[in-house]
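Below are structures written as structure tokens.
In the two complexes that follow, chain A is the common piece, with chain B as its partner first and chain C second.
So, the complex of A and B:
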């Protein structure tokens, strides 16, 4: 055998030394360490639209802002948790931490899924960016959670005030029976009553496979002035269809609520029945600002046929938050990144927003909108705004 | 399901209870997987838990011929019992698991009386109904179960006072392997006993069994209760290793997937459940990694192919291949 074929003893020792050195300091990030962002989202199943919107926004952010930040290459790892199985979400989060060694966990389409993953973030000391799930208490579940989406109290309080001031006296409330729905119902009922209104009845529909017909019939029979609705993104289509078919609008009943029911993602499919719905929300694709015009144009160009919705800006701003935090702390650990995120302020397509240093939750403007036809398509047109609304919904 | 079991056509003696070499290799492989794939221990533990659940279904479906689309009722009950115990301070895993199994057994016994009376179709409907009722019950009792938001705050003590449930899933994997093995031994013993043979008799011809003096209903109630207990343990195991319980433990998809796994692996041969669960979940994991959006198509295709070309599931296909290439006569 040709002796030069065998590695020399020195080479072997060098190799071993290098390997030992590499394993001795595995935790320290160096400049070329990639910034791995683990996105866990429902990409299939009933909540797939949330996953689609957020991944589209995150990819667009990467395209427009470059795929490296502070010298670190950005890698997006996208995984489907199907939206319904919390133990899958948790398992994926664990695998991302143990196997992929991600820097940041992000996504989280529904509240139960964020709850399930929270202990992983705490134990692994990895920032967890909640882009979609909207129950107020989520950031309390782990000191590593930072939210870039919204909270339900935030998006509900303004419309409660508007209803009370606009001659709506008696309201029938319909929410989905899970934490965000409870949050929304509680906020609306408390604030509307405090402002002098009456709640005729508050019903809750199941989260999975709901049938809205009987509930809307009850709402119709109640002869309320308005129907307050919260359903998760995507479900609005079924609600609006029943609202139209049962002729609630013809009885003069107004539909109000947080903006989820007239989600931009499905608004075109809903079409004319949505006209006249009054909602309050932090984002409308029709928001009038140069940032938003550029954002909507870029999103529509990259994803033909898709109109960006409020979940997509949660993804977009989540990416922005991660980029900015890494710029401040290029090689920061999880704790340092979370510290860097606290108190950060910027102008998003949705308008000005900031991360509350105390709660790690989002403080932002919330707008009152009316759904109107513009150029043959329905849009949520903003007509009033509440500035810097807190996560608790205090105006 | 109508084909004779492995020992069906042989001389009238009890099936041999001796461990075959292939079985020993199989269990050693599960141990080896712990060391070979240290990064996949979390997935591994969830596969093992699902495998245990599949074995419990195999006892009633593969051996006794009871079709069930609601086996998640017992799995979910075990999961919630273990979870609620841990939330209220009973964080000791092993006793928690036993109580979860006991809860499954009690509920299984109570409902078995409804299930074992009917024909196949009636059994499907009754089990489906039980599953849906449990789901809705857990959804409504949100003060106890956390409703649709799931039960969080499940704090487990260290296993045996020494091993905490870690992020990498090492404790979860070992714990799951040991529990699966112990309960598998029990299930193996049951199906190889005269009692197990009488179950196969019931499966093959329910009307004839009373003629040879076998009390059909009592046998079915007994095996259903054992199966429910095993499902309860599997549920408890899932709760303890993930420290979270979601409503989906009672969900219809869990029962339906389970039946798919069992048919995929091969019903009526105990190992079929384990192999089916492993193949189904690994395919799911691998395909959804390749493409997070369209992976379900490929999974569906795999199932169609297996059902078309591998009767008796994957293990059945292996038997056919072995028979064709001069494998041992059985």
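So, the complex of A and C:
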């Protein structure tokens, strides 16, 4: 081995000293101190759409609400973690804490990435706003995590209940094989069975999966009443295509699931095949409220061709939460900011929401939606709502 | 039961056909010049984006975009071959791998910059959509079309390589490049044309594959394992080997996912290990 690759003892000691100094001396914030928000998101790679949606929303929030709050100038520092490398997320989080001296960490596109950054937030005592990742346990990983996105049990439980009440007896379940998929499958299977339904089979597809055709053919041959699907947002296109081509709809099989499969970001690309899919989710770009109309109009104007999706509101509300917490505690440290966030309530483009003081997780309305054609474009039209759904999905 | 088995077989053949069109160029370049071109998938992606852009921006019908995808990818292939690849023919394999993987990263970044990170939609003409009932089995119309196209391509390639003078030169160069050059065959030119042909076929495959494989900027990485598997199992430099390997992979992949979904995506890797132990040089490999 080439000895020059090994760090010298002196370098290691220096590094340790710097790390100790960074955490040992409390940082005093003055009114003029900038409010630095470190956004870590997948901006490239398969989950790049999540990063783009959230960055667009955060930038829009700065534009519409001013780039200073409580006398502090707001700075967004955006870094790309490529979506697939937890160790990269962790390294970026460390750099942001030590070098950029950020006030708040935010973003986190996928569950493993949020897990990787959690110890950094705990160590540095910096609030960590999870805007996208949806596995239920995330906030338990650090007392500094606060979530503004959603949890999969939250978005799955309503559709399980709907299915049981709407004459769907036998369901074939298809989820992507990673933590959120397991969360979603577990919630659906437990709740649907408890409501008297039968699960014919629960299949998990690999995260990187070239071809859904065989899985959907198996679903078709199972002659289930409905196909329950959870896939990460970009994958919906491939699933819907095979659902259509294999004629599952013609056999009378209904597609149901949390809203990821008919993500607003790709819904226009999916087109007609999505019509008739029943999903439950916390946000639809078609949500009927003045706040949402203004939000969708502003997002579309600032980003031509982009329809805001559920990840974007996670970013928007994350910014809102940070702004409001800083207004309450203009010079607060990390702990004080997290305390200020607990129990906060507001009306988001998605509808009313609050931060549960006990779990630091989001409590919000979840809506049942049917995908329909409106003026030649598919939209997820809400037709029922469950109020104040807990992160665990308890209705 | 038999019906579903035939359906699986049909889907597998269609999937294998697609892998064959995309990978065959890689197999030929690796066999001919021992050049490990990991950027091969980027040519397929170029073809795919050519189809999508022609359809969405210029309103060209799907079938008419396919020849354009072939030509564009072939042209890109010949330009890159003459300007960049040619410098690395004599380089060690590691340099070739680093170079071509660098190309892939550039292709991914450029595609993301111009077309965005999301999946690209494709509108197939109505007669290629839905299923056709054949003896009571529902067969995808588009997959039938795929199989037909690939059958035609295979026959054409076979004729090209066996019946023409150019084909004889290619075969001679694959067998022994030094002796062929000594006999007056311009091996470099043969290779340039073959490279363009291979890239063009990849582009065509990329266009054909949008509906089955999807299309986003990470395409060259997502499928690189499959392309390399076809070459490794089939043996570099043979059309027959590539075809057989692609069919085996396609059918086993689909059948595995259908019958044993719990381990479905693992099956092809197991198969690769098994076949590589039994046939270290590939099923039809020439080098021992």
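Just so it is clear, the second predicted complex is superposed on the first by the 367 of 395 C-alpha atoms of A that agree within 3 Å, B and C clash if a C-alpha of one lies under 4 Å from a C-alpha of the other, contacts with A are read in each partner's own complex, and residues count from 1 in each chain.
The definition used in the following text is that a contact is a pair of C-beta atoms (placed from the backbone, for glycine too) under 8 Å apart; a residue touches a chain by one contact, two chains touch by 3 or more.
As the structure is a computational prediction, the values presented were derived from the model and not from experiment.
K.L.:
Contact-wise, after the overlay, does A:241 reach chain B, chain C, both or neither (first, second, both, neither)?
P.N.:
A:241: touches chain C, not chain B.
K.L.:
Where does A:265 make contact in the superposed view: on chain B (first), on chain C (second), on both, or on neither?
P.N.:
second
K.L.:
Once the structures are superposed on A, label A:44 by its partner contacts, choosing first (chain B), second (chain C), both or neither.
P.N.:
Both partners, chain B and chain C.
K.L.:
With both complexes superposed on chain A, which partner does A:138 reach: first (chain B), second (chain C), both or neither?
P.N.:
neither
K.L.:
Scan A:206 for contacts with chain B and chain C and give back first, second, both or neither.
P.N.:
The answer is both, since A:206 touches chain B and chain C.
K.L.:
After the superposition on A, what does A:97 contact: first (chain B), second (chain C), both or neither?
P.N.:
After superposition on chain A, A:97 lies in contact with chain B alone.
K.L.:
Contacts for A:368 in the overlay, against chain B (first) and chain C (second): which applies, first, second, both or neither?
P.N.:
It touches nothing on chain B or chain C.
K.L.:
A:171 in the overlay: touching chain B, chain C, both, or neither? Say first, second, both or neither.
P.N.:
neither
K.L.:
Shared contact residues on chain A, chain B side and chain C side combined as an intersection?
P.N.:
44, 48, 52, 206, 208
K.L.:
Where on chain C is chain A touching in the complex?
P.N.:
Residues 4, 7-8, 11, 15, 108-109, 112, 116-121, 123, 129-131, 138, 140, 142, 211-214, 216-218, 222-223, 226, 253-258, 261-262, 264-265 of chain C touch chain A in their complex.
K.L.:
Show me the residue ranges of chain A that touch chain C in the complex, using the header's touch definition.
P.N.:
44-46, 48-49, 52, 203-206, 208-211, 213-215, 217-218, 221, 234, 237-238, 241, 244-247, 265-266, 269-271
K.L.:
Chain A touches which residues of chain B in the complex?
P.N.:
Checking each residue of chain B against chain A gives 39-40, 42-43, 46, 139, 147-150, 152, 167-169, 238, 242-244, 246-248, 251, 253, 288-289, 292-293, 295-296.
K.L.:
For the complex, give me every residue of chain A touching chain B.
P.N.:
Where chain A meets chain B, its residues are 43-44, 48, 51-52, 78-80, 84-87, 90-91, 94-95, 97-99, 111-112, 115-116, 118-120, 123-124, 135, 141, 177-179, 206-208.
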